[in-house]
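Listed after this line are the structures, all set down as structure tokens.
Shared between the two complexes below is subunit A, which has subunit B as its partner in the first and subunit C in the second.
On to the complex of A and B.
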């Protein structure tokens, strides 16, 4: 049996530190990702904000810089590590001078290249966005190369990618108005406490409870309760009972919202700004939980919600910013529906649940890097669940700093293959000629691919994360491997996404 | 939306062994914010049980309470309402000589005086073991009855009852829970306050 070797492109000079600046490394395929590295090499500040707000954030660059990952106290992001390509060779490389030289040179090169790229990308996006009817395929293609940080472009593009805004621009204002009033109604209905609900019910039923009696002394008359509703009711359909059952979830939501990104002014702290943002997150999660009794609230949803709300709330357009809560709600629903099956416990063991997704990641790794796969799963017995569970269910928000997560999401949301045409026609004809098992595997893969294209992109990025640190993994044992993967080191995001993109399609040997 | 449980005259263990089971199944911790008790628990175990329902517990002294340190009267402010609590056995001392002549409004007169004296919107008293709710001059007097249906000198055949008040802004909905023929019956009374209270520190 021929042992699958590591594909050639993985062995290229790309991964050795000394070659980061030489022209031998061709950026031809990866020009489109360059502007990512420009963000990562710039001086450490909070994720980019519209100019007015940035000043405040820039006052405390060091504070935010070092605290992006409250869960990873061991890893300090020093000024240069963001620009370095994480690879195993750096640890072996002895010449520190060459590294720092390379990095500085890298930064300069990146800056000039990326600013040009930035502008052209921005121009392309703006052109596409200004069309009367936006070509979604084209938008996806441009967006997957990265979305520039300014001018509220990302906010608009994400809304389009998630299907909140229709491609036809003329429909935008009516759609937005409809959705926003719908959210307002949801809030009114679902965030009312039972006292208010009871009073409203009685008003509509015509009970007039105002004591019009002019007598100053009288026995107060007792009236019947409506629908058997009273605060101590244990009835399943009782609004009071539901209220008390929901209060547990609401408490959980409250706790998690307060813990979201404690290092960011936007989400945490005593300012009324942070408090109103927290309240918005809280409302969205409560409304979602009440509308989706099958899932309710699962810990971690707050982490997925945070980047969405952040991006929309920082839209320089006043109207968009004011209605950020409503817009975020619908986009959150959309985003979760793509990954909903990962949150449903009953589906954990099913074909579409989290276990199956993790198995697909494992399969993907085996396809592209069997040596690493074997080392992880067979030799060191590192069950992929131990590290990839959080990667997948939280859409990588916990593994990278906030800015980087947002850039990864640009790619996750704008997979150029798109949900409709994800499978090439030819693939349907590639049924294995004989053998029950390969055919079953083939059809399972095809069906899964039809259902969940966005998950595929996510899995490709996860696989790329593993491959990028392969040398350290191959040299490690159970403990060191887990330690590394559960505290994933800072990475150059553009390279990560480049590798992930390369994993599309069958491995070539 | 604040839920306040008002109950009293349990007389455990002397006149009743325990709360009715159907009441106990409904009274679970986590729903009620305040408990006010008119008195005559009579033992510490009842006090502890009520404490598990809700940590904010207020009790006034009944004549059979073992713990003599409970106050005679108590006032507290919940939301827009001032509540007063008193067992009420003290008032009957004045009645002793009029016992044969039943003067219901006289009873109310005394309670009204007490209400004015305590300066409260809702006065909660006990002792008669019978649920009553009166309105007078902008105030409300509520007697939650006996939570165990224990006998009293005045009433021999009392249904177990208690009261749960839902205070929401200027409105209070008084839910009356009674055990009649083994079944829990719930009624309610709506009451709205006309003016807001000016909160005074107390």
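On to the complex of A and C.
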């Protein structure tokens, strides 16, 4: 059997040490981008620009709460310290509110001392964000190198990357106001109790003439309820029937919202803070499920929602924080529209569905590391579905600690050819050419175009995860391989992203 | 603990699947049995999770390879691959949520569609510690199990009640079927002692375990 030669860099000692790096290699902002700088993969970052804070104040009327002081982390600002869960503070192990997850690395306490690169990255982002019209290509390029924690930068950048905020800053306040009131209406319409709907229905049908009278006598005017809308009505279209169907989904959502990051005070526990955050997640998921009857709620959506809500809720801007729920909803929709086919059971076996995505991961691995691919899929017969299903559908939120997942998302979301530059959803509904074959071909092309631009980065990171532990995988059997991949070891994330980025080019033969 | 043995020291390897509605406690049954752990706030399982534990049946060491699957309907099409090669199943419902018991029939059908008829099935009513919230009578479940010729047990992963019994009973029953089969038929491809082994993934899985060990290099 002819074996494809493994590229030299795969066998570099760097890789094999990665699985154990965390003990000796403390993950801190100061070295997050070391690997990027030492290679020529990504364009070198310019020297730090002067902080854009003052300029920003002038050019940024809608965001005047923001304090874009690159060197000044949120942790020092009393104004926001009450929540104490701002990204920066994850490192503050003494804070009562800080995340108690012991998986979160003990980052150096003095993260005021960011590296020159980190500061330059932050300065570059701030400069970009302070432009009248933001250059999205440039923003993506910088953000893909990682977004600094703190100062609400990530919250703003993610909203831009997901296409929720338009590049033209002058449109921000009107756009946000529009979307937020739209979400408010969704909530009013969709989270309403059936008896409330019935009551309103009766009102519009003119049954409310003696409402006041009957109410004052505390008598329910039962005879006035139409047959179709009686709670015991068997009619399919009955509001109550719909309600009982929905309640099954809502119970499922409730169960999962309660199980979202049980190790983080932000999401879990009896504090009113955690409760209101859970309520927000619940509202978003219910509204989404009702607006998307073809998908409804799929387990795991809570895990994709969590990072978005966490980042937006921790925006130091009070208005942004207050409207985090509405903003999260729309960003969640944007995010899922890029990945929604993975959640659709009917599409499981189609070219866009999860099976095909997993097959493409397998193909990617074969292209870049055939020896590893062969060991996994031929020798030990580990079906990639057994480990990568969760990796892919939950966008890697379960494989690393929360902070690390967020850093991976910086890169996923800033994919240069990212979601909103892709094919617009409306295009799906355009009339394709007539005739079975041309039509099929047309759709296939469209579909392939879409998936290629949206999932590639994710698949490259997954592939890099395999490559990083290749020595252990090659030495393992079915059981040990699965155990390793289902409990992926703590990893230096910038290193992982570096390797993933390396896979971008043509495979070495 | 004597019951927890080295990974590569076994006579038989059996694949067992945990199925049932979302939130009935499958993952906690698994973690209680394989690691003696329980978490009130465990995350929902997406896709599949996997754990192993070896126990002694008669004078043989039986290694159980237990697959925990996602409960939600949406994931069933995907999880069908996880049934492949399974020789036993714990079909779990929650004694405090009647709907999870009603769905047992659907799970049973799916299981029988995907696995061998000799598959050992145990119906498990979990969360039996929540006595004041009970919604499924023991007698009803027992009756159902008799009609469907499955084994039946009520458990509490929280109180560690019957968890050990439920798993070991399933494994012992599989062992009984296997040893009887080996005597009766001799060449059945589904049940084999080690070396030729049952089709869990492939025969290589098992021999590979013997050769390589775990993470030794």
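To be clear about the criterion, the second predicted complex is superposed on the first by the 352 of 509 C-alpha atoms of A that agree within 3 Å, B and C clash if a C-alpha of one lies under 4 Å from a C-alpha of the other, contacts with A are read in each partner's own complex, and residues count from 1 in each chain.
Going forward, contacts are C-beta pairs under 8 Å (C-beta built on N, C-alpha and C of every residue); 3 or more make two chains touch, one makes a residue touch a chain.
As the structure is a computational prediction, the values presented were derived from the model and not from experiment.
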According to the contact criterion defined above, which of subunit B and subunit C contacts more residues of subunit A? C
First (subunit B), second (subunit C), both or neither: which does A:383 touch? second
Now for A:300: first (subunit B), second (subunit C), both, or neither, which partner does it touch? second
Once chain A of both complexes is superposed, is A:476 in touch with subunit B (first), subunit C (second), both, or neither? second
Interface residues of subunit A shared between complexes with subunit B and subunit C: none
For the subunit B and subunit A complex, residues of the former touching the latter: 1, 3, 25-28, 30-31, 105, 108, 132-137, 140, 164, 166, 168, 171, 173-177, 186-192
Subunit A residues within the subunit C interface of the complex: 248, 252, 255-256, 258-260, 262, 268, 298-300, 302-303, 343, 345, 348-349, 354-355, 379-383, 385-386, 389-390, 393-394, 398, 471-472, 475-480, 482-484, 486
Touching residues of subunit C toward subunit A in the complex: what are they? 7, 22-23, 39, 41-44, 46-52, 65, 70-75, 77-78, 81-82, 99, 201-202, 204-205, 208-209, 211-212, 214-217
Interfacial residue positions of subunit A with respect to subunit B in the complex: 193-196, 198-199, 209-211, 216-225, 228, 230-232, 234, 244, 247
